[in-house]
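Below: one structure, written as structure tokens.
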Amino acid sequence: MAIRALVWNEFFHERHNDVVRDLYPDGIHATIAGVLSCEDDIEATTATLPEDEHGLPQARLDATDVLLWWGHKMHRDVDDAIVERVTERVHQGMGLIVLHSGHFSKPFKRLMGTPCSLRWREAGERERLWAVNRSHPIVQGIGPSIELPNAEMYGEPFLVPEPMETVFISWFEGGEVFRSGLTYQRGAGKIFYFRPGHETYPIYQNPDIQRVLINAVRWAYNPVSAWRDVSAAPNVPADKAPERIKPRGGSLHKPGEDGYR
Amino acid sequence: MAIRALVWNEFFHERHNDVVRDLYPDGIHATIAGVLSCEDDIEATTATLPEDEHGLPQARLDATDVLLWWGHKMHRDVDDAIVERVTERVHQGMGLIVLHSGHFSKPFKRLMGTPCSLRWREAGERERLWAVNRSHPIVQGIGPSIELPNAEMYGEPFLVPEPMETVFISWFEGGEVFRSGLTYQRGAGKIFYFRPGHETYPIYQNPDIQRVLINAVRWAYNPVSAWRDVSAAPNVPADKAPERIKPRGGSLHKPGEDGYR
Amino acid sequence: MAIRALVWNEFFHERHNDVVRDLYPDGIHATIAGVLSCEDDIEATTATLPEDEHGLPQARLDATDVLLWWGHKMHRDVDDAIVERVTERVHQGMGLIVLHSGHFSKPFKRLMGTPCSLRWREAGERERLWAVNRSHPIVQGIGPSIELPNAEMYGEPFLVPEPMETVFISWFEGGEVFRSGLTYQRGAGKIFYFRPGHETYPIYQNPDIQRVLINAVRWAYNPVSAWRDVSAAPNVPADKAPERIKPRGGSLHKPGEDGYR
Amino acid sequence: MAIRALVWNEFFHERHNDVVRDLYPDGIHATIAGVLSCEDDIEATTATLPEDEHGLPQARLDATDVLLWWGHKMHRDVDDAIVERVTERVHQGMGLIVLHSGHFSKPFKRLMGTPCSLRWREAGERERLWAVNRSHPIVQGIGPSIELPNAEMYGEPFLVPEPMETVFISWFEGGEVFRSGLTYQRGAGKIFYFRPGHETYPIYQNPDIQRVLINAVRWAYNPVSAWRDVSAAPNVPADKAPERIKPRGGSLHKPGEDGYR
């Protein structure tokens, strides 16, 4: 059975900026989904901000193994209830791949618990992404580094938690560096942040970048069935304790009562 | 100059439950602040939920080095704007010590980005907290373990990110275990979660627990001045790049324009 | 193509202690290899200390995907050159599963860089291993915890580096706790330490323990081809630099010379 | 009482290479110790390879709070027994700062458990070290980055374990990047690897580099008294267990017997 990948896009600049439209006439989501769909073990679909519930009703997310997230100008327009839904699904085991300007998206900031801020410059400069661990599944099929002739610069400090793994570090022509590929585990969900992707350059048409996206979908896929009650805090009554105990002392809760939250 | 510690309490059960009132007639916050104030290098004050802005106006937080957080039944009543303010101050460098049922408090969940869920039982059973690293500053002055004759049980899985350091692991009479002392770094702020503290037992009157709280305040204190613009994402124009570059390629932003967020 | 697992055993107590011989007449290695071999995707063989080169000549290790290590009384008898060979293969990508008393084995201490010390007691007491992350591949097919009626106790502090993931934490009847399942990444190799296994109890005949071992072999397997030159420190001459540079300043090395090590 | 810092140097190139001698006539160790000694709270001494026991007898190490390690061409000449002594002291709580080519020193490789390999180029190119966390104690007193006009290049992949914190990442004129400041905790000891320092350039005369070294000594200092038995694995007999247990089942060890190692 194939990995069900869902590529989400705010789908704004492709409709309002000529440079971007020329590069991605059907939207960045369509380009990426097209790339993923060429793989036998991945089945990719898309959803966008303007759709009902941003194209992310609960049933759709429940049927998604890995979500890819593109957003930039419209972060604020993403509904908080849907952000909650997305993060809950990550906790349950859905993989999440956050692309480029998605560093400031609501789901990513929510999952990181940090500002996710950085420095930036849009000058079309050269970027070189170095693979820090050549044996990592995400970097297979590329060389020691990926070179992009034109890229927006993102510079450190990047205000995220210390990652589980640093996968890529970028060198920029203008003199900065950036941790461009980072992995996290949050609940049952695996998260990969991947920096490249500024929409005024043909980044997602670069074969190495496409290879990384395909690898990342496979890496982020957790085949274990969803951890549905990951957020529950069940009471274990004294008579169900693994060891026999004799309850004693004062108490706040009545027998059978739920905990507070 | 002393470390400015602020002990926050929702201050509910001490006013509505006789067992708790007997143990903490002036509130848990008063007890803890009293303990901290005995130290020459700590200056402790308190704030509670019923106060205006929950006792946490911006100026108060700006003058706080380490915040201790107690909440249980009233998590939902904490205003989201104040949660935002607290987490922003943590990112800027304020230390945060989250106590017991504070695992479900809004600031902690926000900073962790995970459900922070767990299993629990209120049976007054015995707990023994083992120090995993005896050289850690937080465990100085206690023995290899702390024994509590009566405690509420918290059991794994505890849904938090993998910590920077595991400081304590608890053994419970009823057969469960729990990571009871965990450290995190988020932005410039240091965070310590410390499990013990159920309000129906005299936990905060235990000298070992008091010692850990004092140690934790010192550990969480970041003497560096606040990182005020930790959440800013400044543009670095091409002519200010560390290396000389010639801007090229398409662009989304006009010169001098702010980024999107 | 199947995962090539190799179960190594010092094979001492099964030949010199009656209790152990009765439990594992052909040796612990034979029992574990038998369990693994029932899986279609695993092909398990064995090697022991008394064999030539401890049964671990270079060619054998080169043809091994995941090595399981059992040692206890004979750690000192393991040849340093072979320890070097094993750790180098881990760096190249071979998975390593270290069992129980293997915490003091030379390969594990070498890969951890810490004393790997702990407290212990041999009293046949009850142990309960709690899964800290129920969605982890290593804990699939078991319940929330594994209960062992008789086990040797290992107690914290366990002097290892902070792990990549804490997979299991043990509760002991006598009052201690222990981080019983820990993962590490070292070079291209994945390492899993798994505590249970004292040889005077039928631990490896427990179906849950067997399930964890099978899961761990699959988890530790890195399908990427071996990183053969993982320990090399190649010179990148100035004329092969990714960006054009003009060499300048003093130098220690003559052109083409190797670095020091 | 001052922090007792000890600067160790193999002291070879300063005696055999004219460029290095001119920069460091009394040896790199003397220059660094001179810098540290200007601080009121640091008391710095030196030791070198040619001295008896490399200047590191047990008593000397026992009286050392933080050891700084410079080595390059003579790594192999460092006696294994002394390496063992140094790593044991780190586990007990001595801080360790490993400088530049010390990445291949025996103590560092031993403590990391990985090859510590990298790529390199000696072309006097420009390096810029970016502070990843501006609030970290090690980067206080410097700006967002440190610029070195001439440096040897070290490039990723750097084969070390994922660090506790990434403090610096370097940009190189020739197009590479490197994690130039990394922290680790091993046992009770704090370790900082700091990349700059090639001996043919006046790196240790740069005020920012000096500032980092001073900060790092303070950071690595663990004021807790040494954990003398950090490597011991004491038996906890059944009658000394925290909870009452009744010993049962087979056993390998006779009462009072030591464990195997």
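Which chain is which? They are A, B, C and D, in the order written, and residues in each are numbered from 1.
Definition applied: contacts are C-beta pairs under 8 Å (C-beta built on N, C-alpha and C of every residue); 3 or more make two chains touch, one makes a residue touch a chain.
This one's a predicted model, so the numbers in the text were calculated from it and none came from an experiment.
Common neighbours of chain C and chain D, listed by label, are A, B. Chains making contact with chain A as well as with chain C: B, D. Two copies of one sequence, chain A and chain B, touch each other mainly through matching residues, since over half of the numbers at the interface are common to both.
Set against the Cα centre of chain D, the chain with the most distant centre is A. With each centre defined as the average position of its C-alpha atoms, the distance from chain B to chain D rounds to 32 Å.
Chain A and chain B, compared by their mean Cα positions, are separated by 27 Å.
Distance between chain centres (mean CA atoms), chain A to chain D: 36 Å. Within chain B, the positions touching two or more other chains are listed as 128, 133-134, 155, 162, 164-165, 175-176, 185, 187, 242. Contact residues on chain D toward chain B in their complex (touch as defined above): 93, 128, 133-135, 137, 140, 145, 147, 164-165, 185, 187-188, 222, 224, 227, 242.
Only residues 128, 130-134, 144, 155-158, 162, 164-166, 169-172, 175-177, 179 of chain A touch chain D when the two sit together in their complex. On chain C, the positions that touch chain D within their shared complex are 13, 17, 19-20, 72-76, 87-88, 91, 101, 104, 110-115, 117-125, 150, 153, 155, 159, 161-162, 164, 173-176, 184-187, 198-201, 230-238, 241-243, 245, 247-253, 259-261.
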